[in-house]
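Quick heads-up: structures coming right below.
Both of the next two complexes hold chain A, though its partner changes from chain B to chain C.
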Partner chain A sequence: MAMERRMWDLLLILTAAPHSSDVVTSALRLSQAMLDRGGSVRVWACGYANMMTQDTFGDTKLPNTRDPEGHYPSPSAVVQRMIADGGGRFGWIACTACSEERGAVHHVPQVRHRSPLRLAATIAGARRTLYLGGA
Partner chain B sequence: MDERTATPGYLMIESKGNWAGPNAGTFLRDAAALAEAGHRVRVFLVEDGVLTAVGTDVPEIERLAAAGAEILVDDFSAAQRALSATTLSPHVRIAGMDAVAAALSEDDCRGVWH
Partner chain C sequence: MSGSTATKRTGLGPPVLCVLDRAHRGAVEAQFFHALYGLLDLHGQFERVDVALRGPAVTLAVEEDEYRPSVRLGTMELDTLPDYRGSVRDLVAEGFTVFVDREAVTALGFAPERLVAGTVLLDSTELARRWPEYDQVWFV
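So, the complex of A and B:
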């Protein structure tokens, strides 16, 4: 008897580097919107998007000298919080090849590591897939 | 049944500004072609793509509207670019990312992000 496979509502393949444009913000906003309506979302980080979840960031960004008391979470802290708040409905995948090419192999423990050989299977496990960030 | 509801719907998400090269306009023209072919088309302008909605005579917006496409402008992207002080096309409507999430949750909606 075949094992029933979990289907995710949305897979976002995020190919853009952080800060290259608004695209990471868009990906996170769309993820949150899906979560807010009860859906499930996975993000596949491709290329420099793998820099977002490095454990070397810590929980906060560097102090903002115009707002020294402000709290600005690091990208890895944002992803960790969304995974924790998502209750199993939000997942983040680091591409192992992209991570190793960039020496970005120290991901926070909540991130799942996957070879690009599993990209097609990951797409097959989602009802919708969007590529964000260009080739 | 309306012929448009019997064919797949498309959510075309444009994130590129109209100065980013010819591809942005091409993407919107593709969306118009789909609408003219009888598909239900929704266009969501986000990030620099919202700038395409500025003004009242952008050819791509006019063609999309004439073809019956729904054109949405991301509220956050528009606010980040201070577009509230400008005149947007009368054919567009401000919407949030929840509209994208809702559309992508529909069974027959195909989403494309550019």
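So, the complex of A and C:
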């Protein structure tokens, strides 16, 4: 008998690149709104969105020369925090092909690595899929 | 964010006009590290740096008092999102001339009198006539 697959309420396929538009922020806000309603969300990072979760960031951004004492969490710290706070209802998938293509293969350990050959299966594992373009 | 740390001007580089056409290039991931921060951080290396906001970038100079640069993600209140109005005020305070394209302001439905104090509203053609005042024009 086939093992029952977990169904996620929402899958966000995120192809927008960080630092190019505010779509990454929209994806995170949308995820949070879904979590606030009790739903589950996973993000499939496609293309440069895989830069968000590199462990080379550390926990904070580089110093702000105009506010050296300020605290500015890194993108990977934000994603890690959302995964931890989500209690299993927020997940982040790194596309292995996009990551390798960009030499960006050092993801934080909370991120799940997945081949693009499993894209359709990942979509099948979600009740709704939103494709957030912008690459 | 505080704009109190004035950059020391060394003036080695040429006078430059920086033209910004694109706005809103990242929020959660960028925070303070946006194009206007770059200008504020580096302008001391140049004899003079001025800014021309055109297209959607003119919205960075539209004054308003409702938006809070803050978002809640998980248990975190991230209150360090880009504060573009504040950065434009800092540019003005640090001696930049900030030109704002009049056609773009009106085309987007904003009233010219709502711009950040000290910015200079200019017709597109008039802006082009200012180019010879600079050694270089950068499209940021």
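Convention: the second predicted complex is superposed on the first by the 133 of 135 C-alpha atoms of A that agree within 3 Å, B and C clash if a C-alpha of one lies under 4 Å from a C-alpha of the other, contacts with A are read in each partner's own complex, and residues count from 1 in each chain.
The rule is short, and it goes like this: contacts are C-beta pairs under 8 Å (C-beta built on N, C-alpha and C of every residue); 3 or more make two chains touch, one makes a residue touch a chain.
On a predicted model such as this, the values are computed, not experimentally measured, just so you know.
Chemist: Which partner chains sit in contact with A:P75 here, chain B, chain C, both or neither? Use first/second/both/neither.
Modeler: second
Chemist: On chain A, which partner's contacts cover more residues, chain B's or chain C's?
Modeler: C
Chemist: Taking the superposition as given, does A:M52 touch the first partner, chain B, the second, chain C, both, or neither?
Modeler: second
Chemist: In the superposed arrangement, which partner chain does A:L62 touch: chain B (first), chain C (second), both, or neither?
Modeler: second
Chemist: Figure out whether A:V24 sits in contact with chain B (first) or chain C (second), or with both, or with neither.
Modeler: The answer is second: A:V24 touches chain C but not chain B.
Chemist: Under the stated touch criterion, which partner chain does A:M7 make contact with: chain B (first), chain C (second), both, or neither?
Modeler: In the superposed model, A:M7 contacts neither chain B nor chain C.
Chemist: State whether A:L130 touches chain B only (first), chain C only (second), both chains, or neither.
Modeler: In the superposition, A:L130 touches chain B alone.
Chemist: Check the residue A:R37 against both partner chains and state whether it touches chain B (first), chain C (second), both, or neither.
Modeler: In the superposition, A:R37 touches chain B alone.
Chemist: So in the superposed three-chain picture, is A:A121 touching just chain B, just chain C, both, or none of them (first/second/both/neither)?
Modeler: Neither partner.
Chemist: After overlaying the two complexes on chain A, where does the chain B footprint on chain A coincide with the chain C footprint?
Modeler: In chain A, positions 21-22, 25, 29, 32 sit in both the chain B and chain C interfaces.
Chemist: Which of the residues in chain A come into contact with chain C in the complex?
Modeler: Answer in residue numbers: 18-22, 24-25, 28-29, 32, 35, 52, 61-62, 64-67, 70-73, 75, 78, 81-82, 84-86, 90.
Chemist: Okay, in this complex, where on chain B does chain A touch?
Modeler: Within the complex, chain B touches chain A at residues 13, 15, 46-48, 76-77, 80, 96-98, 100-102, 104-105, 109, 111-113.
Chemist: Within their complex, state which residues of chain C touch chain A.
Modeler: Going by the criterion above, the answer is residues 1-3, 5, 24-33, 37, 40-41, 71-76, 78, 80-81, 90.
Chemist: Along chain A, where are the residues that touch chain B in the complex?
Modeler: 9-10, 21-23, 25-26, 29-30, 32-34, 36-37, 39, 128, 130-132
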